[in-house]
Each structure stands twice: as structure tokens, then as C-alpha cells.
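Look for subunit A in each of the two complexes below; its partner is subunit B in the first and subunit C in the second.
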Partner chain A sequence: MNIEIILFAVLALVAATSSVMMITRKNAVISAVFLVLNFFALAGLYLLLNAQFIAVVQVIVYAGAIMVLFLFVLMLLNTEAEHQLFIDKRGIKFFAIFIAAFVFIEIAFLIFKSNPSKNLSPDQAASINSGTIQTIGQQLYTNYLIPFEVSGFLLLAATIGALVLAKKKFE
Partner chain B sequence: MPANNYEYFLLLPHIVLSVGIVLSILIEIFTRKGKEVLPWFSSLLFLFVGFYSIINIDKNFFIFGGMVEVGGRASIFNFIFNIAALLTVLASTDYIKKYGINYSEYYILIQSSVLGMMVMAMAHDILVIFMGLELMSICFYILAGLNRKRSSNNEASLKYFLLGSFATGFIVYGIALVYGTTGSTSIQNIFENFMQYFNNILFIVGMLLLLIGFSFKIAAVPFHMWVPDVYQGSATSVTGLMSTAGKAAAFSVLLILLGTSLSYSSPIVFRNYFSVIAVLSTLVGSIIAIAQTNLKRMLAYSSIAHAGYMAIGLAAGNNYSFAGITFYLAAYVFMNIGAFTIISLIEGKDETRLTLNSYAGLNKKSPFLAAMMSLFMFALAGIPPMAGFFGKYYVFFGAIKSDLTWLAIVGVLSSLISVYFYLRVVVYVYFMNENEQFEIEKSVGSNLAISLTGLLVLLFGIFPDSLMNLIVNFIK
Partner chain C sequence: MSIWEVIIISLIKILLIVVLMLLTVAYLVYFERKISAWIQNRKGPNRVGWHGLLQPFADVFKLLLKEDIVPEKANKALHTLAPFIALFVAFATYAVIPIGPTIELFGYKINLVVADVNIGVLYVLALTSLGVYGITFAGWSSGSKYSLLGGVRSSAQMISYEVSMGFSIAGVLLLSQSLSPTKIVEAQYGWMWNAILQPIGFITFVVSAFAETNRLPFDLPEAEPELVGGYHTEYSSFKFAGFFLAEYANMIIASMMITTLYLGGYQIPYIDKLGLNQTLTVLLQVGAFLFKTAFMLFFFMWVRWSIPRFRYDQLMNLGWKVMFPLSLLNIVWVAVLIMVFRL
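Presenting the complex of A and B:
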């Protein structure tokens, strides 16, 4: 067995386990910590796919910045009230598990039926090159200029929206 | 491949609008007079971008490596979006003061949402479509919930956000699967080898998820649950914009997808899907609308039915029906904005006068509003010589060309049902005695918007060829 498969197995196991742990914990802060673990495992998977830049961004932006923000919000908010929502609603829980299992089986079936990796190019060097920050930057400012600029306006609109909706004072 | 300068020049409408958004923010920050300046500034901006686009309709090129298409169909849609936004801004200057959302951000968000729509209408790449869609949707989520004091606003915004995100989830998953199987996000590329990919079950599922996501956005049955609550709960001027221009933007994407598919093979594989959507939407929308006494809710169900009529054209999948849908969208946008503007004048300070009873005897209070309301209702019902009639006519004609006569018959039957609830409004307006005493607000902007939409609806209805020729020439 080569090292790639072993690493993949370990990282995938960590990612899957931590995401299940995340949604089953009662305490929201512990859930958030499991989410961080999940992000790290995903970053490792990206590295295995030769997507170095995305792996680094995953750690810096998601596991770092966004999760710290999440943790602060969770500690500031009173999450006790949320528990009341789920008491006495076992029916919903089973229904959700049923739907999740159904979707899981569907996706697993799709993946095994269609064999999506059969067309993968075996060219390792090109693959390593395409994940570098230089290639991504070049692509963003030439071929993908329009979606890149539009995403800037998307963030601007979202910022304005957050400010408007969170504004303290009414007229 | 870097783009040359001419390509940037062709993108001038989008660049002007983007610069306008940034300028609007700066005006608000540095002069603190955004509330007085921005209505005029936005109106001029929309006017310029709309007319500049339509004047340059013959500069029809694929630029940025085939990622976007300028001119042609994109120009027609740019015109529709910008004029719709212009009318909304005109109609809302007084309305948003009354409603309590007189923020300068209101105008900035409308500008951003129009930018999103324009990006959607020109996109020939799934990635660009997605960015435009999100830009538009996020602005709409915020606009729907701009007044935090009203619980109806909060409810509308949250429902719209949750279900809209759900739909976006479908679209992203679809994009992932399509990209995974084809290795490309270019629509042209995907449809060139469509039949080859079509053997792959992952590709079929991806395409289906994309279609489902967009069916949410056009508010077609069975993906319509959010529509009545969101349209009723949002500010009326916002509802006017998102039920018309927002829907037109989603349709523009479907037209690009099916139009590209038409030029390589035949969009016949989508026929069953859109036939089911069309039958369900037209019938469910028309029948449930009969039971509504709240006018905003009634128009919400009517918008579901209209999505159904347009889906008939998508099912037909030929150039006649695609041109027909474009015409229908133009007509639908203007008549609906007119109707919503009248509602915004009648509804009063706390939306207490939304039911049919408040319209009883409107003729005695304001003959102008009564006449215009009747005009829009006749147009929505599809009675000639209003624009709505020709919209339906062209779409049904396209369906018959594709041997889908049964679908056209379903459409005609459901229009017959819909005549009942549209004309009920006219009966209330003219033949009922008024049972509520109230003063109708005076708003120059709203009256101007109503007159302009009325004029457009009549012009498109009396001279349908002028617009139709323009569309036919540029729909490929």
C-alpha cells in the first residue's frame, strides 16, 4: 500500500468522524471545535489532491478566522434556549436521519455506478503546477476575471446588508 | 488569454453600473445626503445603462474567452432589468418613507441586485451564472427584511433566505456534478458533447439539480412554497422588483441553457421536466389565487401561474417559444410593477388596506388609479390589446409548433380560470360601493411610474411587432 492511500484513509476517517461528532454534541462550543478538526482533515485531503493553495486557505480562513469568529459568537450568545426547540420532537429526529441515510445511499450509488475517476489524467507534474498560487492568480486575473470581480461586489453587498440589518438605531 | 481593450469597452454597461454602486456608497459616506441624492442618481444610472444596452444591441459578441455574451439577448434583458429598477425607484421614493425603510442602502442594494441580474443575463459559463445569481439573491434577502420592526418583514426575509439558500445548495451541487463529469464550466462546451455526457448518470443528476434550483428561483410548482409568504411579507416595492426582474433574470439563465442546447442538438430531453412544471404551475397558481382576498398574495399566486405559462415555452424548446418568453417577460415585468405600485399607494401606513374590500369603489376616490388598475388586471389576464395577450400568444404558438398542442390547451384553460380573479378586482373597483373611507396618498413618483408602465403595457400590446422583431433578430 502506498502512503497516499494510507493518508487518505486516515484523513477521510477523521473528517467523517469529526463531522458526525459535530452534529451530535449538545454543547455548541464542542461542536465548533470538532468543526475545526474537520476543516483540518479536509485541508489534508486537498493537499493530497495537489491543491496546495486551497489547503492553506482552508486552514487560514476557515479553521482560523471564521471558526474563531464562530466561537466568539457562540460564547456571547445564550444557546440554552435552542435546546428547547428539540425536546419532545423525536419524530423530526428520526425523519431527519431517514432522509440523511436516503441521500447518503443515493450519492454512494451514484459514485459507484458512474466511476467518476476513470477519466483522470495521470500527469502528475501538470497537476502539481495547477495548484500553485501563481497559476491560480493568473487564472483569476485573466480567464476568470468576471466571476472574480462579481464576487467582490457580492461581498460588498453582503457587508452592506450585514450593516443595515445589524444597525442599532431606528429612525 | 488576457482580454483586449475592446472587450472591456463592450462591458461598459456593467462597468458603469459597478462604478455607480461604489459612487453611491461614497456619496452616502461623505455627504450624508444619500437619501435625497441617491433616488435621482440611481434613476439616471438605470436610465443610462438600460438605454445604452439597447442602443448597442447589434454589438453581439462572445468575449472573455466565450465566458460572457454582450449585445443581442443580453441587451434586451439589461433593458428590462434596468427599466424595472428605474420604475421601482420612482415608485418607492415616497413609499419607503411611509414603510420605515428610508435608508440610502435601499438604493445601493437595488443597484447591486441589478448588477447581479445583468451578470446572469450575459453569462455563458456556469460559474458566472452562479456569481450573478448569488449577488442578486443576497441583495433580495436583505431588501426583504429591511424593516426589522415589522414581524412580517422578518418572517419574509428569513423564509426567503433559508429556502433560497436551499435552492442555491441544489444549484451548487448540480454545478459540482456537471463540472466533475464534463471537466468544464462553459455552457457551450457542455452542450457540444451533451449526448456523450448524457450516458453518465452523474451528469444527468447534476443537470436535474441545476434545473430544480432554478425552478425554485422562478417560483414554479412544486418549488413555490416560499412565494406567497415572501411576497406578502416584504415591502410592496421590493416585492414588485423581486417578483418581476428577479424572475426575469432566472428565466434568462434558463433561456441561455436551453438556447445553447438548441443550437447543438435538441432540448427535447428537458421537455418532460418543463411540461410537468408548466401544467402544475399554471393550474395550481390560478386555482389557489381564486381563494385569495389579499391582493399581494393573489399576485404571488398569479406570478406562479405566469411562471407556468413561460415554462410551457421552455418545454416547447424552439426559437419561436424562446422569443415568446422574452416578450412575455418584458410584458409581465411592466404590468406587475404597475400593479404593485398601485397596491403600495392604497395599502396605507401599516399595510391595513391590502384586501379586496379596500378596493371597493376606488373609481370614486381616484378615477386614474381605478383605470390603471383595470388596465394592469386586463393585461395580466391576457386580454387584447394589452401586452399580456401577445406574451401568451407567442408562447402558446411556440408550443403548437413543437406539437405540444395539449400543453397550449392547458395554458389557455388556466388563463380562463385566472380571468375570474383578475376581473374580480375590476368589479370591486368599478361596481362596488365603497365601504372604507380613506385618503389616497399623493406621490408624484408613484403616479409617474404607474403612467409609464401603463403606457409600456399598451404600447407593447398595440405594436407587439416592434419589440418582437427586435427579439427575433437577436435570439439564436
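Presenting the complex of A and C:
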């Protein structure tokens, strides 16, 4: 058995288990811990696909920045009240199950219908190259310059918006 | 080289690094106490062994023999996990730091770095951004107000200073045109050290490194007068030792990163022009790397015992209103260097 298959099995198992653990925990902070673990396993899977830049960015952005902010909020808020909401109202529970089943069927349909490996090139060297930061940087600043700048501009606008919302009185 | 040879060589390197790190950390604590004594005109530890040289071992045994207490209201699993996260992050970072050039030993070509990955700098950034978790979990899981406040403070502080740290590194990357630490070191040939070429970036990086390692003057997460012990108030025995170890290991990491990114790494200016033989050159270069790192470690301690702690709002103002704009300015400066001088 080659090493890639072993790694894939381990990482996939961790990813699947941690995501199930995440949605079944009662304590929101513990859920967040499992979500971080899940991000890690995903980053490992990206590495196996030769997408090293995405793997590292996955850890830096999701695990390192976004989840820290989530935890920040979760630790300071008392999440007991939200917990009560789902126990009391049975209607919400059934609605949630319905939505979950619908999304599950949708995703399963898409996975079995599409053929994601049809675009893969058999050339391994090209596939390793396309995951490097050099290639991604070159593509971003040439072929995808306008979308890249537009998304940068949007993020700037969002930052300013967040500042305005956070500061109640703007002197 | 076959895959097994690669794995065995890597394991030997990892073992060497871990053993060396543990010893270095033990003696760093000793030197910290000696230097603080010297700065405060005291004698420092001088009872255990010659000039107190066995003090670190006494300290370690004292910590390990203490009772391990988990508070009743603590979340037991996370409380145990937190110090291990801190340690994991601190030790995993060493993998990408080159302590010397490639050498030939018993017919093998060996890089003096555990893993020479081409995104090494990003790897370090990813791991340091995870360092927050050890402290945050410790703070939350202890079920104590002091711990929680310490944990929240530290995550705010580390997130804020990560921004200026990232932007300072961007300046280095622009000049070296690579994310691999080995290539960054090679790009600083001669006197082209990044500390000399981009002094502003050097300063912002060093200040951010102090904040990231939670060292004085930025040790607010564990400010004794207000937060008892901060996030590790409720820790004792081995788990406390874990945090202690992680703090010093992080300090070594920060010093090594500063050396690699800004002080030319293992390079000695124009050593290849002197016509020394290869073995001597490599030994001198490894020595140079260790010397630069040791100097930065001394600098860390020197600052700790010289500058008082910042107030929390001062810390945030410094981070966002001074360090962040300065690191942006540094990028502009590097751009000018590249455009005008074609570096």
C-alpha cells in the first residue's frame, strides 16, 4: 500500500469523525475545538492533492484567525439560552431535520452526478506546479487581476463598514 | 536516497533538536535568572552546583514532583489538552529553520534543517497563529475568571500583532522572492542583511515577536498584579511546566526567526572569499547562527528586566496605530529599493 493512501485514510477519518463530533457536542466551545481539528485534517488532504498554498492558507485563515474570533465570542457569551431554544420548540427541530435531509440529498446527488476527476491532467509535474505559491501569485496578478482587485476592494469596504457599525458614535 | 533513509535521517534530526531544545530551555531559565540578578545587582541562583549551574534540574524536579491539580469547575479534557497544544506549536516550528548550509556526512548530503519546504515562512506563520489556542483553551477550560481574562487578552493581543508581523515578513519576501527560509538566508549574502536594508521592518518584526511570545513588556496575559497568573493560574506540576517550556521554546523560535529573516541566518559576510576549507566554513556558519540566536535571546531578557509592562490600551494603540502603519511603510520602502536600486 502506498503512503498516500494511508495518509488519505487517516486524514479522511479524522475529518469525518471530527465533523460528526462537532455537530453532536452540547457545549459550543467543544464544538469549535472539533471544527479546528477538522480544518487541520482538511489542510492535510489539500497537501495530498499538491495544493500546498491552499493547505497553509486554510490553517492560517480558518484555524488561525476566524476560529479564534469565534472562540472569543463563544467564551464570553453565555450560550445556555440558545440551547434552551432548541429543546422547547419541537417545530424547529423538525424543520431543521427537513433542511438537513434536503441539503444532504442535494450534495449526494451532486457528488455522484459530477465527475470531478475528468479535468485532471495525467501530468504529475504540472499538477505539483499548479499548487505552488508562484503559480497562484502569477495567475492572480495576470489572468485574474480584476477579480482579485475587486475582492480586495470589497474586503476594504467591509472593514470600513465593520468599523462604522462597531463605533456607535462616529466623531 | 530511498524513502527509509530520508525518514531515518529526519528522525535523527528531530531527536537532536528536541533534546537540544529541552536542555537549552532549562538553561535559558537559569540565564534569565542570572541576567535579571546582574541587572538588579544581585547574585542570582548560586546554591545548587557550581555557580548554581545545576539549578535548572532542581527546578524541573520540583515542578514534576508537585501535585497536579485540576479545578472542580474545569473542563478536564481541554484543561489537559491546552499545555500540549502550546508545546506542540512551539516545537513543530523548528522543522523549517535552517541552522547551516548543506553538508556531506558519510556520503549523504544532509541539509541542516529538518524540512526544507518552499513555503516555510507560511508554515511558521500558520503555526504561530495556532499558538493562540493553547492559551485560549487554558483560559477558558480552567473555569476561573482570572484565567478567562488572561486567555481573552492574549488572543486579542496575538491577533493584533500577527497583522504587523505578517506585513513585516512581506518586506523580506519581496526582496528574497521566495518563501523558503533557506533561500531567504542565501539572499542575504554579504552585508545585504534585511535588518540593514529594511530597518523599519526589522523593528516592527522584533516588537511583534515580543508580543507574540507574551514576553515583557507585553506579558499582559499573565500580568501578576491584576490577573494573578493569567491563563495558567489554575495549572500546577507538569502542565504548568508545559506552559513554561512552551514560553521559552517560543522565545528561541522568535530569536531564530529574527536571525533567519533579518540577520542573515547562518551567513558570515564574505566568508567564502577567505579561502577556508569547507568543514571549517560550515562549522563557523553554524556557530554564527547560534551566536546570533543567543544574542537575540539575551536581548529578549535584557528588555524584560529593563522596561515596565504596558497598560492594555497602550498595547493595543501601539499595535494598531504605530506598528501596523510602520510595517506598511516598510513595504513601500522595500518597493522603492526594488524599483530604484534593482535589488
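Rule of thumb we're sticking to: the second predicted complex is superposed on the first by the 138 of 171 C-alpha atoms of A that agree within 3 Å, B and C clash if a C-alpha of one lies under 4 Å from a C-alpha of the other, contacts with A are read in each partner's own complex, and residues count from 1 in each chain.
As a convention for this text, a contact is a pair of C-beta atoms (placed from the backbone, for glycine too) under 8 Å apart; a residue touches a chain by one contact, two chains touch by 3 or more.
All figures in this text were calculated on a predicted structure; none of them were measured in a lab.
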### Message
For A:A65 in the superposed arrangement: first (subunit B), second (subunit C), both or neither?
### Response
second
### Message
If we overlay the two complexes on their shared chain A, which of subunit B and subunit C does A:L154 touch? Say first, second, both or neither.
### Response
first
### Message
With both complexes overlaid on chain A, does A:V14 touch subunit B (first), subunit C (second), both or neither?
### Response
neither
### Query
First (subunit B), second (subunit C), both or neither: which does A:I136 touch?
neither
### Query
Once the shared chain is lined up, is A:L145 touching subunit B (first), subunit C (second), both, or neither of them?
first
### Task
Could you tell me if A:L48 is touching subunit B, subunit C, both of them or neither one (first, second, both, neither)?
neither
### Query
How about subunit A: which of its residues touch subunit B in the complex?
110-111, 113-114, 116, 119, 142-147, 149-151, 153-154, 156-158, 160-161, 163-165, 170-171
### Query
For subunit B, which residues are in contact with subunit A within the complex?
1-3, 18, 21, 25, 64-65, 67-68, 100, 102-103, 105, 108-109, 112-113, 115-116, 119, 125, 127-128, 130-132, 134-135, 138-139, 141-142, 145-146, 148-149, 180-181, 183, 200-202, 205
### Query
Which residues of subunit A touch subunit C in the complex?
3, 27, 29-30, 33, 36, 52-53, 56-57, 59-60, 63-65, 68-69, 71-72, 75-76, 132-133
### Query
For subunit C, which residues are in contact with subunit A within the complex?
3, 75, 78, 117-119, 122-123, 125-126, 129-130, 132-133, 136-137, 139-140, 148, 151-152, 155-156, 159, 162, 179
